[in-house]
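Okay, so subunit A shows up in both of these, paired with subunit B first and subunit C after.
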Partner chain A sequence: MARAINRRTILKGTAAGAALASLPWGRAALAESKPVKVGLLTVLTGPLAQGGIQMKEGVVAFMKDKNYTLAGRKVDLIIGDTGGNPAGAKAKTQELVERDHVDFIIGPLAAFEMIAISDYVARHKVPLLCLAGADNMTQRTPNPYFIRASATASQCGFPLADYVRKEMKLSRMDTIVEDFAFGYEQEGGFQLVFTAEGGTIAKRLWTPIQTPDYTPYLAQISDVDGVWQGFAGSNPINFMKQYAAFGLKKKYPVVGGWTAFDDALLPSFGNDAVGAVSGAFYSVSYDSPSNNHFVELLLRETHKTPGGYAAGCYINGMCVEAALEKLDGNTSSPEKTIAALRSLSFKDSPRGPFHFDHFGNVVGNVFIRRLERKNGKLVNTIVKTYPNVSQFWTYNEKAYLATPLFSRNKVPAKI
Partner chain B sequence: MSLRHALSTPDAEKASLSTRLLALGIVLALLVTVPIWVPNSYYVNICSQILIWAVFALGLNILVGYAGLVSLGQSGLFGIACYTAAYLVSIGTPHFEAGLAAIGLAIVTSAVFAVLSLRTTGISFLMITLALGEILWGIAYRWVSVTGGDNGISVNTRPTPFGISLASPSAFYYSTLIIFLVVVAAMYVFVESPFGISLRGTRDQARRMTTLGYNVWLIRFLAFMFSGLIAGVAGLQFFYYEKFVSPYVLSLSTSATVLLMVISGGVATLLGPIVGAALVIVMQYVVSAYIQQWNLVLGAIFVAIILFMPEGLVPGSLRLWRALRRRRGSAPAVVTVPVEPES
Partner chain C sequence: MNLWVILAINSVALGGLLFLLSAGFSLIFGLMRIPNLAHGSFFMLGAYLGVTFLRIGTNFWLAAILSGLGIALLGGIIERLFLRRLQGQELAQVLVTLGLSFMFADISLMIWGGDPIPLSAPSALQGAMQVGSIVFPSYRLAIVLVAAVIAAVLWIMIDRTRLGAMIRAGVDDAQMARVVGIRVSRLSSLIFCLGAGLAGFGGVMGGPIFSAYPGLDGDMLPLALIVVILGGTGSLVGTLVGSFVVAFLYNYGQALFPELAYVILFLPMLVVLLIRPQGLFGRLPT
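Moving on, here comes the complex of A and B:
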């Protein structure tokens, strides 16, 4: 079990710090030993909690591994539970910024939470290391205090579509995903590249976020080469179960986004998802020293296979550490801090080498993985790695930004 | 003449009146000085939130407490004010006009809600208001070109009434305090007004009120509009507090939260919804920082309220306090009975 950060110990620490500061000889020592404050916005209660808890596990495991010391400074990790709604995200952000005066914020989980706090965070100049997909945060309405080391909602869909067209040779597909912004943007990314390379999307199906029975949607899938699904949370498990039971698994192969076949979901899938191909910014089976260390650490700390949520937050932790090292531990200027964060470049991380573009969005690996059963265990085997994938894929940035954001109604045919 | 006047001596009456005035003065002084004695702007913001939700809950209390109509569609009225203001401000309408339009549309919506839902009472009324609220939620979620779908609408300014900027937490707090005090005063006048008394009559003896020649439907309709007006005011404030609106404000959980505030504090009391709002907001935003399972604690508190003070925190605490004093035998037996409507 990960060590829960107790607010009381933090308060005690601050009180001790304040007492120390009141002594004349304590000041110099304090300047160096003052802890760097990292806030984590996540969802620990409600329907989104599954991913939120993994985010917390990723950050806590990273900090524990570093003994809560980054670049020579102690770290206070303050965890705020947003409850998975915009008002809660706003209130918790205010708490982290105005009461706790954090130097960094990691999170939040959902795009609508991110959009609710974006202006506030930019005005208070707090560097934010985000996991939410919301494309426009690094595109049409960029936030200068923002970096995203995971991926935009559409980013993993581009190489997946390329792979599906060129290697799997599928040319006609139906898509199905939850009816909300993360779904539109994920589907849009896949559809754009798929149609640009000559494929056809026959039907786009949108389901309510909570759908106990997918039968009415499954009945509409016919006369295609395959199906793309972009479900998130625990929906993929339910969907794949019904997809197999409906007899579609034998007819139409399934491909999907990173949340749809996340490594953390594998123990729950059974045989229903075997053979599925997905595009993801992270994979447990990626073989690198950094990833092997991460997986081993998380298995030890949580006894669970980590997935994209934990990896994304762990990588954010690495970014905080690397930025602090660049700044010699001095976080007094938020402008310099965000500049340091954006200039980071990693040779090795759990997701492989990556750096940031001038919007603060990641440029790095996207793994194409096939879900297989090996030695009785389900694993996502990497079948192809697309290196240096940008949020604009191979398109010209200006031309890309001139098109509207992917929506339920509109996806450009080509750029 | 009410029982209360018959039983209490003039001296006791005078003493309790002056204690009440003193208590009121102290509370007012504390409220006005919040930005001075509250150590951190974060907590000033929490106080603003409590006042906004208290206004919202006071408005719902008209329906739940005084009209006996339990509504689960109140978030619709709250949210439509949020969305109207957000949309108008985002296309460049001045704040004043946007605010007026927001409250106006909230009143119009409440009239539509009232016409549709007042055909029934009880559970049917609850279900119709629930359905109406969900329709608005669905529209906000789907009409992406206007509402932005689940990404919502962000604005980055607050209004500057009389040239005073409300950008800082303290300035915004004072604006919510003024509106809160006005609404409390309005509620105080309303409850004892002939209209308020006839509304309670429709709650307790609807059929008798009809035979007496009162238009029960019209009384309920007007009460619904009044409640909608206050929900609209609260919605407008909430929007300017957040400077962001998303379908969450129209969701069932918003309606349920405000209803819990009213019920846990005490229905048909002036203080109940305010105490309920403070309880829920403090649990949600302050206690949650210390206890991860804060909603478990909140649930336990609600269960305790139902078990020990089914009438709500405020009336329940008063009852316990009186029982305690009577047992000690130190106080004269003052029996307070609600004023009966003259009929």
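Moving on, here comes the complex of A and C:
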């Protein structure tokens, strides 16, 4: 069952563990009779809570669906609320690792939280199934106990740029996104492929994370074919609303990243975002048995349309289950556990078939979706699927890793 | 060229909204000598209440007024239950407002969820006005009008009525006001209600631009602080001027020097604090 970290359950758990250990059974028997502990690092309070609550819903729905039993072992799901800041993420990770001795960690939400806990998690050899984008976790400074079934920050931008150049035939664009790492890396991925295929980025606009009024930026957008926006959290709603209010929507079509037009945001958009094209690792409208089951389950459990946050964490749950099956439920060796996780390959999942590269990053579908109103409801209709998209796109891995990480100041013109 | 004009119009609109937010903050600060750190929460709660009223089909303007009244009531309760009991302990009062702001944030998250909820502007104002090549949302122009009306009403109240005279006396010297028979504590309740109500009303007015979302409180509070420090506490004219100064700095700063947007916003505040701590239009406490 799911529970928040709480002293009494811990004491009970420890007492039970001590009692069991004194019995004359072998270690293996002990390992299998104990519940497997899965820690979820997410954000349940504060401005980032929107995505964090969806993460929790994704994992909880998965576990409930499996009756909290994976590969024959009971699952103890422990949920830690990081509050959406690096210090909180660090503290909760320490609790999960040192007090609860979790076998897996799912999460966290934000790249800066991931960066704050990466070294600690690697040192304590806890396999981590991450949702956050931070590119370098699977690139220039890889974490050996890490897998990412969602996408690097830049991964969905590559095929989107390809689509925007080749199919939408836009050649001159402005980009706008929050002024932080996730923004630079997302924009960098889009810009790299867009310019490599002959497009021009006219202006790159960076907004503070908290920007109640986008007018100062909107007023600068002119003389382009389209606009790329990579906002996250609740920012896309406000941005699109103001974008439409200034009459820009009629002039310049908008394209964006997965967080910018996430399915879970659709009910909040109104007509302001209709027509927007986005690149995402997940889409509610993807028709596969696994995704149909996932969407139906989440609708039943939460009465809300799920999006990338819930799907990403649900898929992480699938990975935990598949790895446990490979290991016959034995999680005593973290080395074997992470090896099992990285060797996973799925024929079907809510995001379609996928596997991991040798850094533990996903290789899988990226959907290009157009936001439409169908039967009165807003939906992201898939217009093209790029299969087997790697975090290095079509580039040579070595050449890619030789370039610096995408930043505010620097994006390579080509690789 | 368009950029400059749009920014100018937008600064005026944002200034109007900031005035709605800050007028109450300034009066409370002036009379009770405490920065009410829950003021951003009043703005956010107003927006959320507006959401609820709009959902049950209330007309936009009525929703704004009802939300304002609702938040005024909440302000009154807070003043009576907490701040009144801590009279004279300014640090404790500030901490109470800070604590309340955190509680309101969590309670709102519980009631309205983490998803941002946009408020629809009244349908008559949903379009954009076009003059030449300049497109500007009509709703923002309406905000300027509303803010102007409220500024005028407040000014008449403060400057022309007996109540206003008592408030001014309280702001200038609360103890002396008490001595001459003004019930300053009753005034405090009234001003706290009024300030909270204005912020709540402003929250609904700002809703179609900002939406209601967790964190709206924290976004608005610093702006109110800067406005009041620039303009001077307890001074309505100061708040008006401060609102427009901040709005212009905010808009032009972000457009022209995006890297320094916050420096441009806060630097004037630092300068004013250093050379004129009472603010541009404030008076030194006696």
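By our rule, the second predicted complex is superposed on the first by the 384 of 415 C-alpha atoms of A that agree within 3 Å, B and C clash if a C-alpha of one lies under 4 Å from a C-alpha of the other, contacts with A are read in each partner's own complex, and residues count from 1 in each chain.
Here is the rule we use: a contact is a pair of C-beta atoms (placed from the backbone, for glycine too) under 8 Å apart; a residue touches a chain by one contact, two chains touch by 3 or more.
Every value quoted in this text rests on a predicted model; they were computed, and no experiment measured them.
S.K.: Check subunit A with both subunit B and subunit C modelled on it and let me know: fit or clash.
M.R.: Fit.
S.K.: Of the partners subunit B and subunit C, which touch A:Glu98 in the superposed model: first, second, both, neither?
M.R.: It touches subunit B, and subunit C stays clear.
S.K.: For A:Ala181 in the superposed arrangement: first (subunit B), second (subunit C), both or neither?
M.R.: It touches subunit B, and subunit C stays clear.
S.K.: Now for A:Ser333: first (subunit B), second (subunit C), both, or neither, which partner does it touch?
M.R.: A:Ser333 sits against neither subunit B nor subunit C.
S.K.: For A:Thr69, using the defined touch cut-off, is the partner it touches subunit B, subunit C, both, or neither? Pick first, second, both or neither.
M.R.: After superposition on chain A, A:Thr69 lies in contact with neither partner.
S.K.: Touching A:Ala116 in the superposition: subunit B (first), subunit C (second), both, neither?
M.R.: Only subunit B; A:Ala116 stays clear of subunit C.
S.K.: Using only C-alpha centres after the superposition, what angle do subunit B and subunit C make about subunit A, to the nearest 10 degrees?
M.R.: The vertex angle at subunit A equals 50 degrees.
S.K.: Touch test for A:Ser343: subunit B only (first), subunit C only (second), both, or neither?
M.R.: Once the two structures are laid over each other on A, A:Ser343 reaches no partner at all.
S.K.: Quick check on the superposed pair: does A:Thr45 touch subunit B, subunit C, both, or neither? Answer first, second, both or neither.
M.R.: It touches subunit B and subunit C both.
S.K.: Rounded to the nearest angstrom, what is the minimum C-alpha distance from subunit B to subunit C in the superposition?
M.R.: After superposing on chain A, subunit B and subunit C come no closer than 5 Å at C-alpha.
S.K.: Residues on subunit A in contact with subunit B in one complex and with subunit C in the other?
M.R.: On subunit A, the residues that contact subunit B in one structure and subunit C in the other are 45.
S.K.: List the residues on subunit B that touch subunit A in their complex, please.
M.R.: Residues of subunit B touching subunit A: 40-43, 45-46, 49, 144, 149-152, 154, 156, 169, 242-244, 246, 248-249, 253, 284-285, 288-290, 292-295.
S.K.: Of all residues in subunit C, which touch subunit A in the complex?
M.R.: Residue positions touching the partner: 2-3, 6-7, 10, 14, 105-106, 109, 113-118, 120, 128, 130, 135-137, 139, 206, 208-211, 213-216, 218-220, 250-255, 258, 261-262.
S.K.: Can you tell me which positions in subunit A touch subunit C when the two form their complex?
M.R.: 45-47, 49-53, 179, 205-208, 210-213, 215-217, 219-220, 222, 234, 237-238, 241-242, 245-247, 264-265, 267-268, 270
S.K.: Name, in rising order, each residue of subunit A that touches subunit B in their complex.
M.R.: 4, 7-8, 44-45, 80-81, 83, 85-88, 90-92, 94-95, 98-99, 111-112, 115-116, 118-120, 123, 134, 180-181, 407-409
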